[in-house]
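Notes follow once the structure below has been shown.
The first chain written gets the first letter, and so on, giving A, B, C and D; residue counts start at 1 in each chain.
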Amino acid sequence: MGEGLGVRDGRGVVSVTVNETLPLLVLASSLIPGLVIFSLPEERHGLRRAFNLTGAVLKLLFIAIMLWGVLHGESYVFRYSVLPGLELVFKADALALLFVTLSAVLWFFTTLYAIGYLEGSPHRSRFFGFFSLCVTATVGVAMAGNLFTFFVFYELLTLSTYPLVVHRGTPAALRAGGVYLAYTLTGGAVLLAGVVWLYGLLGQVEFTQGGVASTLGPEYAGQLRMIFFLLIAGLGVKAALVPLHGWLPQAMVAPAPVSALLHAVAVVKAGAFGIVRVVYEVYGVEFAQSLSLLVPLAVVASLTIVWGSLRALFQDDLKRRLAYSTISQVSYIALGVALFGPVGTLGGIVHLVHQGIMKITLFFCAGNYAETLGIHKVSDMDGVGWRMPWTTAAFTIGALGMIGVPPLAGFISKWYLGLGALEAGMPWVLAVLAVSTLLNAAYFLPILHRAWFRPQTAPWPAENIPMKNGRETAWLLLLPPLVTAAATLLVGLFAASPLSPLDWAKLVAAREYLNWAP
Amino acid sequence: MLDPLPWLILLPLFWATLAFVRGPGRGGRLAVAGLLLQLALAGGLARQVAGEGERVYAVGGWGAPLGIDLAVDGLSAVMLLLAQAVALPLAVYARAYYAAHEEGARYFWPLAGALLAAMNALFLAADVFNLYVTLELLGLAAVGLVAASGGAGPVTAALRYLMATLLGSGAYLLGVALLYGAYGSVSLSILAPLLGADAPLAVFLAAALMLLGLMLKTALFPFHFWLPPAHGGAPAPVSALLSALVVKASFYLILRLWLDLFAPLATVAAAQLLGLLGAAAILWGSLMALAQTRLKMLVAYSTVAQIGYLFLLFPLATDTGSVASASAIQGGVMQALSHGLAKAAMFAAAGTVILSLGRDDIARLGGVSSRLPLTLFTFALAGVTLMGLPPSGGFTAKWLLMSSAMHSGQWGWVVVMILGGLLAAAYVFKVLRQAFLPVEAGTQFKPVPRLLEWPAFLLALASLLLGLRAGEVLGLLGAG
Amino acid sequence: MSAGLLYALAGAALFAFGVAGLILRSHPLRKILAFNVMGSGAFLVLVGLGQRDGTADPVPQAMVLTGIVVSIAATALALALARRQREHGNDKEERDA
Amino acid sequence: MNLAFDLLLIAALLWSAGRALTTPDLFRAVVLFIVFGLLMALAWARLDAPDIALAEAAIGAGLTGALLLDALGHLRGPVRRKSGLIAPSTVMSSEGAGPPAFPTYFLNGLAIVLAVALGLALAGALLLLPEPAISLPREVAAAMDASGVAHPVTAVLLNFRGYDTLLEVAVLWLALLGVLAVAGGRAPGRAPVTPRSARASLKVPRLLARVLAPLALLVAGYLLWAGAHQPGGAFQAGAVLAAAAVLLNLAGLLPGGATPRWVLRAGLGFGLLVFLAVAAAVMGQGVLLQYPPAWAGALIMLIETGLTLSIGLTLAGLFLALSGASRQ
């Protein structure tokens, strides 16, 4: 065997400092509970709950430390060499922290919700085990410091969500799981091709403000366009860009907490987040603009926004309507990214958070309707507002936020997106936003109308949880949507205050556009 | 201190013979102890190679060309480690398996010992005739293991396997005869410098015969016909040993001959042909796996497909010395290692399911996810490696092969690898999804001992973690 | 032409016979014969080619001794398998009848 | 004269091999194959390879022939039905059953073309081959003094390439393992299947066996002792021993069986264990199978004695296990 066939240096980390450990701890705080939960016997509910919640709280704690640290100029990076020239990197930069905070906060509430939702159902060890793995993967996606690490966790996310989608074991669930895998694994394979290609050209693809691809000479423009296409196509599957969105409406057969997490933070958001990373920190937004990659992306995003809303109009199944709404809403993020200019960036990035908070509220509420009264269809919702006022109130806030009614979260997003479109010289985007808003109203307002203003005409399909002491449903089911609905209101109202999602998004945008001060 | 090199060959022969003398079905504990020692020896040898580089050992003190040389370099050290690391947990598994399932247990241990001795001898051999003897030893041991359960299916499969392996070694032997006729030596180290592009026709014929014979033994498409019934029909510990290790041994020899001996003769066309056969194996094997209704047959066809990846390295390694070539060889070896670990785990898991459930219809696996969660998890983890998803060793292998393909501009192989990964996902999830179904009415799950579930799980975990320790493995590979 | 080369040529022909027989004949006993013929062919090439200058060469001779033992080992195993397979066939027929 | 003899012998070799593979009757095929084996022994003698000639006659033609003839009764003809009706085979394809389909024709044609091409290419390659660069006979001759024996083939077999022989003994033992596993692995209580033609063709008078067996023992001892300085050695001696056992078995004096008792198992493993023990013991001094020069002759003799016993038992075991299994 000749020399140079292998490589001698394959060492991992030698010494680990506190700043290196923190990203790992954030991962471990859901990975370890997940693995422990797998090995717990089914009937150890108390212990399982304890592990879940301890993990969730610890994760929040670690993230809080990092948030504080990043504001004070600390940096948190962990590196591990898998192969020479191929590293696993976890990095807590501003963008990562934005997403990781969102995931951890929403995970905490979803865990509470799931504990209530799955009360008494079988296979909970398996469910919570994969649930924790799923969050671990999401956190990994958030903190990935280079494209390779991102890809690793992006694929782990696919694998850990599959058991959640098929959890119920019904033929519909298995079919949905199959469709989900077919889409996401194919997307992953396309992404892999793009990633390997880019690594071949660049050697390393570390996420860097301003991008790294521009170091290649102009003769690579063609290849870089091809790679961009592969990367966006791969990410677009999870981000449910039309025409790669087919899996999402099917996957809503999963239990409500899973749908909530899938639509708000985990899968769909991982795709959108990946698009943000690729445009800003792999290509660099200016370089992407110079390769004329942004306009096509904006067009695809706009098509998705309109198409998703149109399809949502015709769904009677509540979760299906919400699923099409997700397709539409998540593309706001891609749209914001594609608008060249800091204001558009701001709109896209802040929507990453806002959409998550709003959509999780809506899915929690949909789960409550189904779990409490057996309501799955919009046409069964007549008068439900008076039976379940708190849930419906939360739903109303979420829905109005999605439409973009001020001062709710969605308004902030749309405002900045609109401004960004003008700044980028793409006024036609305003028309897209306007049409989308009209359509949002057209599919959400009838629901609100039915819930509040129509009398109940038929008995509830299946009243599982009776009204007790004026409480419309179980506490653990009610609390999470109320909190997230309140958050929808608060992040909108206090958008201008420090440490709000908008403020944090400004920090990110300011780093991408060096000459810009918000 | 014990010199690990000769003992890696003698030790398994010793415990095999002693197990035989002790009587039918006996000797499992002896085997586990022996394998433990062998693993330590292989580790020691790997450390020697990593420290001091390649090593040549003249048996009998004569040295080539009169005597027989053994040699160990990075590649052989890695393969030796793989063989012992797979065999040890499988031996623990086999003890539990045969305690519950007596068929085929009578001569398992002596046959397995002979198999390991043959494999270790093959990885250490540096003499083409000695390699012939090790190949025959390996082939007969493997056939014996397949046939040992005595059922109609396995016996027919074993006979077919025997005929294939004999045809293969016959072709190889004629190649050896031609090489000896041409150069008067059978030592690799003597032959290598003598071979050049101007070699006589007989040497080209020898190369073709030897490689063809070995391809037949490796079950490369279209020579794979014997593999699925043999690997699918044997008892689970045997299937695991065969699929994980035995086909790798003949692949190792192909790689060794291609790189060390026949390199000056190798043409781009021949390399492309090997790659095309590999690609066909990937696609055909995966499709056939997808079409199977029995669990073990599915796993066996998956081996046909996974072998294909190994052969993609030949077209990628044409331009010797380049970055693309180095990473292609690394990728191929990583694939051999991770598939070895994963497939052993997968067959072992399938065996556990069959023991517990009493059947292996894929359509009737309902309830496995709740009754045998660890075993299902094992199957899934092994599946991750087969699909080539991160962070498994299979992923690292695919990454290396894909980068190599892109560096050398051979895009076709990238497409094949992507398709192969997706098809692998299709057949792995075909099994997993059934396991999520509720328990079928009237189905009894027999409880299974832990020693059946844990060794398989550890193997699967190793195949996954291999991806994270790839740097060290490749470091060792490059050391000699 | 030396005797060695002559017998080596005969070996080549025998080898080809054996390969054809192994592929074409379906009866296991016939396949076993074919494999033995193939092996003998290879042995003749090994020794004959080694002695084409007319002097005896003990090294390939020793190798062929090894090869003959390997051949009978393989033959015995193959016969055992073929007989067992046939018994299964008979059993099956009896069950079916 | 020599050339004429060679050509005649080669023609006979090719004819017997070809007929063995093509004649429709299996019994005839086996007999032709035994003839082929004997012709091969002649060819080896003609090639100055008396060791191989002995081994070929004893093992290649003799024992293999006995194994084949014994198996013949079990393998001949289509699968039998209890009713005696002949049914098309299900498990094993009987020969000449109906015309093959088109792809079979095509594949058969392809195989023939390939085999012919292979033969022609080989012939061409052999004729074009230049003289080799290395002459091993010279190396062997130079090292003979240190080998501990006087006969070059034995020196190669047990010293220079002794490691091959070690593995080869393992192959033989392994084949026996395989045979025992296959033949003895059946579930107990299954009705035995009595072969049609049985072993009538192989009956041996008891008196003959009683005379020949001790004689064989003597011959084996001689061959073993002679191996050190002239053709002969453990394999040939073992083969003669095995032949004696086969004779005794055929005369009904030695029962067959597929499950050896432990004494027999120990005997079967003995040769390999002795070889392994010597290999391991000399490693204390140097490397694997490096005999101290003064001890080389004695050690080789020790190994050969162990091997003779073991090889004899193993070869006999192959036959006895096979024939015994069918009569259980």
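What to note about this one:
Note that in this section contacts are C-beta pairs under 8 Å (C-beta built on N, C-alpha and C of every residue); 3 or more make two chains touch, one makes a residue touch a chain.
Predicted model only: the values in this text are computed from it and were never measured.
Common neighbours of chain C and chain D, by the contact definition above: B. No other two chains have as many C-beta pairs in contact as C-D.
Rounded to whole angstrom, the centroid-to-centroid distance between chain B and chain C, based on C-alpha atoms, equals 27 Å.
Centres computed as Cα averages put chain A at a distance of 67 Å from chain C.
Separating the centre of chain A from that of chain D, both taken as means of CA atoms, is a distance of 71 Å.
Touching of two or more other chains is recorded for residues 8, 15, 18-19, 23, 28, 43, 45, 49, 52, 63, 66, 70, 73-74, 77, 80-82, 84-85, 88-89, 91-92 of chain C. Counting partner chains per residue, chain D has residues 91, 122, 126, 129, 136, 140, 160-161, 164, 168, 171, 174-175, 178, 182 touching two or more of them. Checking each pair of chains for touch leaves A-B, B-C, B-D, C-D. Interface residues of chain B facing chain A in the complex, by the touch rule stated above, are 54, 73-75, 259-260, 320-321, 326, 329-330, 369-370, 373, 377, 380, 384, 387, 389-391, 396, 398-400, 402-403, 406-407, 414, 418, 421-422, 425, 429, 432-433, 436-438, 467-480. Of all residues in chain D, those touching chain B in their complex are 91, 121-122, 124-126, 128-130, 132-136, 139-140, 143, 159-164, 167-168, 170-171, 173-175, 177-178, 180-182, 184-186, 259, 262, 265-266, 268-269, 272-273, 276, 279-280, 283, 286-291.
Residues 1-12, 38, 80-84, 86, 88, 122-123, 126, 151-152, 155-156, 159, 162-163, 166-167, 169, 174, 177-178, 181, 185-186, 188-190, 192-193, 196-197, 199-200 of chain A are the ones touching chain B in the complex. Those residues of chain C whose C-beta lies close enough to touch chain B in the complex are 8, 11, 15, 18-19, 22-23, 28, 31, 35, 38-39, 41-43, 45-46, 49-50, 52, 60, 63, 66-67, 70, 73-74, 77-78, 80-82, 84-85, 88-89, 91-92.
Every residue of chain B that touches chain C in the complex is listed here, in rising order: 129, 133, 136, 140, 143-144, 147, 150-152, 155-156, 158-159, 162-163, 166-167, 170-171, 173-174, 176-178, 180-181, 184.
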